[in-house]
């Protein structure tokens, strides 16, 4: 009987990395990022990668490591942020960047995993994003009509996701806003690897409360990353007399 | 006397209605969160996957798994819900968020908005801005009336790459408020002047063509 | 401060029903069907309805009542089953039936709620379902290509859904396979009413475990329907010595 | 001697592989659920929203909220998950289910399948059948070799309205097994005969053109 459980991120990625492949990784900023798996991807030394994700890491964290190691040929993202390495590589024409509206990127990944090769969205109509894309009008229920552009589904050779809990069947539960792009990326991978904080016994996750069913998860590894890093710590002062 | 940032946010807060689900952009729009009138229920959405944004956490109570779209640590509230980015933008694209209040670099008189890139500078990416202006049925832009060189930001046509075409319903600056027609079928209406600001000043500092609301003419 | 809570199904539907409107209702067979709301829809006597749902009720249950009352002009469904009244109305050309593959129907509703006016699917290509629909080829990752047809999003004037638990914010949790079409139909309604088994205090539903966020739910009513009916009771015998 | 229903299901069960996610249609395909080889993990999907179908419940333990796509009461298993119909068919359409075993009315030599309607009779609807054959990468059809009048159901071309075009990979009847090429680039291959069934019988009772697998020629 096969198992989905792997002892380390390196072992979970073994045999999957090759030059020119497409990798999708979950996360929004530093939240919900499969950090161990991304380190293993860097260590694989696979090159000419196409990387799909909301962003490509923050300074010295996450996909930044793979970028800094010169392994990426193209990124498909929504927000590059303040990423000096990406900026330099882009200016030197060492890397191609495909910008997507965030919701379009999320939906393209959802479509890819769901067997939908293309869909129409109003997002980006009349902007740079629409250039080279088919545009057409669709009627609204009130009889008026709007312009939409066609966007295509995205899949990945390997998807790397981060979850809170998993069982050996591959069922995943995410925590708070660390969910973000992970569920769609899990479904959009031909092979999907989940880095999880806790492996729980099969039967412990309520079947009504599974976020990503095990069918989408091929390999599982327990994360070594605790405590988690915070990108922009923001707090409010306690006012006098407020309970601690 | 022109409005300050807090007063611009107060003006934007007048657009809130009981029961609204609202997305607030960074900068002045964020201040609107603290200005919900008493007795009114307004639910704030964070496009990275939360409905029901609470206040910033106290020192020592930050949760790395709980951030807003600006990547700041936040809190949730009783009745909040978390969801994926696809579900979040399904909400936005599907028109379920009633109001989006966001910043702008340029607004055109036909409702076009530019707020995501300046040619020649490094492109950071549009994040969720294009989805918000395309999907939310009412879009309020809060921005300075002129740029640092004094050039008008409310223009006949945008010069910067667009975030959305025909997407702005209301423009709030530090000197005036304009009601726009997304479809571009009528000229923008000047509906409000900051205290002590005269019509001549607005005319001088604006490139867009506008008409006056009845109570101002 | 407004409330989403209504005292009865009739009150929850008050002011919303009009001739010619489109109503979508959740449920698969008799599982997860908003029965009280459908009775209230019948009692509204609104006519010329277009009804969207996986099926249109079973004999004497659910949407069958509205059908039997002659209120429906058109149904958009995936499976008509053994529904004598529907068969007769269809043969007498009193009613229009639009058949959809089940997954296409689910996705059309999901698209409608998500602001997607159209998408492509391989389902139904080369069949009767494809007639009159745009077909086109899209490339696969391996360089081959397949044919797909374009399907459009669906929305409803009023959506009726059935959930297990709700709070006053409108957050819904479904139970087991009673979830089925309800989440998409909740999002596809311009006005959505939820019939729930239990109303729990705000804050009791774990925010990570909400199936339908409150933003999609305008009105809530507690169901009077217990116990629930079973369409096809199926059991296995206990073998001797097996624990009861 | 031709295979009986149980034996046809046993032959279909040989298509299972360890780790597979499988959708079984009603009728003979349902019997395959009880024929998973020991030590093999096979997870059954019910397209109305369950991954991990368990056995039928005991008397007194039926749950109205837990049914299969045939509307029978069922059970779940440790490791099961529930999801919406949209998520269920995303799984199916997206090619995540490895194998679909279902019944047929007609199969054509190019892999076309008809199993949802007979013109002139009341149309019940296709339910999930069109999605399954379009989305699942390997489709096995189990059906009687001939209809009640004796006419061939494995044909040069289907006469009934199609469920899917070029979707069948393997056809199992009570007398033979055929390996089909979905793309229609080669003729079906006769790969197996039921015990005691001769090639002539298969030829007589089949309209489709087929060739013989090497071990049969």
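Which chain is which? They are A, B, C and D, in the order written, and residues in each are numbered from 1.
In this text, contacts are C-beta pairs under 8 Å (C-beta built on N, C-alpha and C of every residue); 3 or more make two chains touch, one makes a residue touch a chain.
Going by UniProt, the chains are A, C = 3-oxoacid CoA-transferase subunit A; B, D = 3-oxoacid CoA-transferase subunit B.
Not measured: the values here are computed from a predicted model.
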{"item": "Comparison of B-C and C-D (more C-beta pairs in contact)", "value": "C-D"}
{"item": "Interchain centroid distance [CA atoms averaged], chain A/chain C, Å", "value": "31"}
{"item": "Distance between chain centroids, defined by C-alpha means - chain C, chain D (Å)", "value": "28"}
{"item": "For chain B paired with chain C, centre-to-centre distance based on mean C-alpha positions, whole Å", "value": "35"}
{"item": "Chain B and chain D, separation of their C-alpha mean positions in angstrom", "value": "54"}
{"item": "Residues of chain B touching at least two other chains", "value": "50, 76, 82-83, 89-90, 92-93, 135"}
{"item": "Sequence positions of chain A contacting 2 or more other chains", "value": "107, 110, 114-116, 121-122, 174-176, 179, 207-208"}
{"item": "Chains touching one another, given as label pairs in label order", "value": "A-B, A-C, A-D, B-C, C-D"}
{"item": "Of chain A, residues touching chain C in the complex", "value": "107, 111, 114-122, 138, 141, 146, 148, 152, 155, 173-176, 179, 190, 207-209"}
{"item": "List of chain D residues in touch with chain C within their complex", "value": "46-50, 55-59, 61-68, 70-74, 76, 82-86, 88-90, 92-93, 112, 122-131, 134-135, 161-166"}
{"item": "Of all residues in chain A, those that touch chain D in their complex", "value": "1-2, 110, 112-116, 167-169, 171, 187, 202-203, 207-208, 210, 213-216"}
{"item": "List of chain A residues in touch with chain B within their complex", "value": "28-32, 54-55, 77-82, 87, 90-91, 97, 99, 101-107, 109-110, 121-129, 164, 174-184, 211, 227-238, 244"}
{"item": "Touch list for chain D against partner chain A, complex", "value": "18-19, 21, 39-41, 43, 45, 50-52, 76, 78-83, 87, 89-97, 135"}
